[in-house]
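One chain, chain A, appears in both complexes that follow, with chain B as partner in the first and chain C in the second.
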Partner chain A sequence: MTMNVTNHRVPEQGVSRAAGVDDPASSQRSEPDAAPALPTATKPGAIRRIVSTRAFIAVRSFAAFLALWYLLAAWVGNPIQLPSPLRVAAALISLGADGELFDHALISTTRLAISLVVAVLLAVPLGFFMGLSPKANAYLDPVVELLRPISGIAWIPLGLFIFGVGDVLPVFIMVYVAFFPLLLNTIAGVRHVDGKLVNAARTMGVGRRAMLRHVIVPAALPTVMVGFRLAFAGAWAAIIAAELIGSPSGLGFAIEWYRQLLMTPKVYGFIVVIGIVGYLCDLALRALQRWLTPWAEGMELA
Partner chain B sequence: MTTRTAAAPNRTHWNSVLEATLVPALLVFAWQLWAMTLATDPRSPSPTHVATTFVDLVSNGGLIGATLQSLGRVVVGFGLALVCGVVLGLLMGSNRRIRDIFDPIVESFRPIAPMAILPVAILWFGTGTPAALSIVTYAAFFPLLVNTVHGVSRVDRKLVLAAMTMGVPRARILARVILPAALPSIMLGSRLAMGVAWTAIIAAELGVGAKSGGGGSGGIGQMMFVFYAYSIDLNAIVVCMIVVGVVALLIDRLFRFVEYRLMPWRH
Partner chain C sequence: MNQETAMSKLRLRNVAKHFIAPRTGQLTTAVTDVNLDIETGEFVCIVGPSGCGKSTVLNLIAGLDTPTSGTIEANGAPIVAPGADRGVMFQDYALMPWMSVHDNIGFGLNYGTPGEGLTREQREKRIRHFVDLVRLNGSEKKYPHQLSGGMRQRVALARLLANGPDILLMDEPLGALDSQTRLILQVELLRIWGETAPREQRKTAIFITHDIEEAVFLGDRVVVMSTHPGRVKAIIPVDLPRPRSEHIRADPRFGQLSDEIWDLIRDEAYRAIDGTEAPAGPKATAVEKVE
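Let's turn to the complex of A and B:
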């Protein structure tokens, strides 16, 4: 019942609260911060149009979310379970100031990059081989289908035994997780190359190597890129699990470490960082996708 | 997978059986040979030891109990996510303003891996079932929501307009027109969500097991961790991995089967 009441109250308080959160040092002067928004809203023309855009609506949603979080934190009253967004912001700033945040984020993204590169080097050539040769596919596909249902997470205990706690385990788990979407999408991409393109090239006397390089690779690349983004999404979820259980560093390790120390604001801070880094990586991959395969506009993840 | 060729001539049937089993059989054989060159410790992993361990674990009931416990959590978590995801997805898909409001929040939570929620879940709920459940629900929520929104926004406008012309109330349109039209998408979301949920429960149980000294969480994920941390029984770990894989496969097949029965026109 109380939840309903707070829910209704949120929109009015939302904007001013969020203005305070953006700048924790000035949380008291939330009113002046909100004030400049008023004149812009009354001005006609371009500025007004900006205010009614999706960006403004997004900011409003975040403001409402932060306000709800703030009220919920006040209602729970237990900073170890749910610290207020202000405390989390302060924790984030202190983590950023002493560089710890960037250290862990850098370690995790380096591992991510290494394992994605390894997975591409393993999966894409194999995918081309299996996609081009039906015989190879018939023999190798059963192995893939046997291993694929075993999630990367389930390899963690065995991986811990083989590699021990350290850098290799998260990379191994991520390579395993990233391998299958890359392989399957490469096979599908190679198989679904438009037969007309291949025939047209053949009619014009194109050789095998040129066919591969100029026809099959460009035609299959968009699907491979979709596989790459799926691989990234899987790997990003897996690295947190792998680091949390079997690594002495990285973002996944950090959240659990501070949980054990009951420094909850830092736990939430690192969770925010996980979200931001994941989001930025996805943005980068989208840009890469557009840059590498500009002819594949409109192909999206299912 | 190979039984589909039953109607084909015998030779191709045997050919496909050979193709499907040759490389896996060779790999298992190589593993067995490699294991026999190792020390003859009964705990060192080999196919025969894995098989005997499997029989042991099944006959003492531990494996089946743990698997059922994990499955139960997945089903409950999936159910919660289904209700939340489909309801919010219907609202977001059919109403532009609601979509604009929730979209930024949903999109900013999506890159946060389910396992990142684990420390918070432990702080809130301890190391028992609720912590694992919350992770499963969180993991399953996003595929369900995204696919429901996608399905609803793809519903043929003409169907909705036709129903409106005939004076059907909004709530009824949602339940009788939009929901069935979005069902294929929701089913796809369910299958993806169930797969993710099964991965997440293993991760959650492993993580809880690893971080609370064995803890009281139970389930097959924790069983694996106990075998790693306390008895270093690699055969048992491999048995658990195989069971995890088989359950994932069965879940996937079950959902494909239901999809096929509900919507045979799509195949």
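Let's turn to the complex of A and C:
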């Protein structure tokens, strides 16, 4: 059992074993074919491990991306359309120095956090209700399926009309966007609770309330968390659209503002920030997922 | 006879269970004509080829399913729903993956009827007692995914016993273990069941297995079931002395009983593999030895 776990968590070890480094019998048997594998086998294990870590691979792919960008910018030759990465970096530094970058990022992430909390409060209880009651599901599911394919962005003009320019519009759009993945994953999580666990609890004389609280909720939680991450991804994509049009502040607003001023490096700078903030939030959510549902690691792959 | 049945802990009369396939609407008979009387303190093993309805019978007794016809009584009262008086140990343990060993063992005590009227200290004491009994000291804080199959099985057993059930229902609890762990846990199971205690103080146990030797080793009686439809084919009393140790397997009587049960099952076991008939000729003792 322990063996399985280590193999699962550290695939590099399994690879080196498979390459026949520690196994004299297999390397003897396959001597003629072993030639191509030899250079890697003679490399010190530590360097090989660092070179093949995910972080190092990410650095390399990122370097390639920047190089391509640089060449493309040089080829285009128009800094208003495509500034070089160096100019964008300079713009980022100046935006960071006068604090503007952090102000906008903070406003957007605050809106995001509020929207996600509201979406969770609406979608998760409703999801449990629909997951547990086939009747409720039969009534509500058609409405959900009708609204779900409508992009959050479609509501922006109407939202502008109703809420005006301000905080409410982006929050409304994000709640709308985050609502559906949360709802559908909660329903799925509740429906797919392992019947064996429910049966086990029944044979121990567990009542309805305790069943919900101590079996259904924890069993559905990993799937709900997957829904939460999807909700975040959707909301983060939608907030920029909402702020472009319907907000006097935030990252989306900043992009539009500097576009109108033709300060393209700053526009790109904010776009980069959107990517970075999104990535950091997702890392935080993954950490939250691991902390809340440590038993369900790797479940989202299934 | 009447006196004897009046004492029965569990009584199954003409029990049948049919299932209707959801799409095709086809009716299948899982089990039929099951008649069984189980006495207090008895250890009954059920063996049979896969598909003979062993698990169905167990689920019916547990109250997780209701029979299509026939009656099932525990202590003279009909079984209508699951209850903590009939503890179940599931084939894949059904431990709560989000709970530590300690909390899993205490699940019924903390959230179900077995803990009613007990203070927190009393429940804790009881959990600790069963942690000791199944020798899981030091692993209380671990989670099921951090445990070996044998340890998970012990957690499931401790959880079962901590609820203080009257009747133990076990569905191939040792099926997923390697053969050595299995032998050790068989002995341990008998110890925990109360083999050395007088019969009235033992639990009543029903143990499903596909392993004939396991059934003979553990049981007071072995119920042999057959397929198509699931039926009780024979009930073999196991007249081996208790307490039993691993060495009882060397007893000639152990071999005789195993052989007798194998003869009851072998035709169907062969058919289950590839639809062919079992080889003709003398008793399949050679096959038995290999198995």
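Structure notes:
Keep this in mind: the second predicted complex is superposed on the first by the 244 of 302 C-alpha atoms of A that agree within 3 Å, B and C clash if a C-alpha of one lies under 4 Å from a C-alpha of the other, contacts with A are read in each partner's own complex, and residues count from 1 in each chain.
Heads up, the rule we're going with is that a residue touches a chain if its C-beta (ideal position, glycine included) is under 8 Å from a C-beta of that chain, and two chains touch if they have at least 3 such contacts.
Quick caveat, the model's predicted, so the values are computed rather than measured.
With chain A as the common reference, chain B sits beside chain C without any clash. In the superposition on chain A, A:203 makes contact with chain C only, not with chain B. Of the two partner chains placed by the overlay, only chain B lies in contact with A:149; chain C stays clear of it. Using the contact criterion defined above for the overlaid structures, shared-chain residue A:218 touches chain C, although it does not reach chain B.
Within the superposed three-chain model, A:75 lies out of touch with both chain B and chain C [touch as defined at top].
More chain A residues lie in contact with B than with the other chain of the pair chain B and chain C.
In the superposed pair of complexes, A:102 makes contact with neither chain B nor chain C. Aligning both complexes on chain A leaves chain B and chain C separated at their closest CA atoms by 12 Å.
Shared interface residues of chain A, touching chain B in one complex and chain C in the other, do not exist.
Of all residues in chain C, only 62-64, 82-84, 86-88, 90, 92, 94, 96-98, 107-108, 111-114, 143-149, 159, 163 touch chain A in the complex they form.
The touching residues of chain A, when paired with chain C in their complex, are 1-2, 5, 194, 196-197, 199-207, 210, 214-215, 218-219, 221, 293-296. Within the complex formed with chain A, the residues of chain B that make contact are 1, 16, 19-24, 27, 100-105, 107-109, 111-120, 122-124, 188, 198-199, 202-203, 206-207, 210-211, 221, 224-225, 227-228, 232, 234, 237-238, 240-242, 244-246, 248-249, 252.
Across the complex, chain B is touched by residues 54, 57-58, 60-62, 64-65, 80-82, 138-140, 142-143, 145-147, 149-158, 160-161, 236-241, 244-246, 251-252, 255-256, 258-260, 264, 267-268, 270-271, 274-279, 281-282, 302 of chain A.
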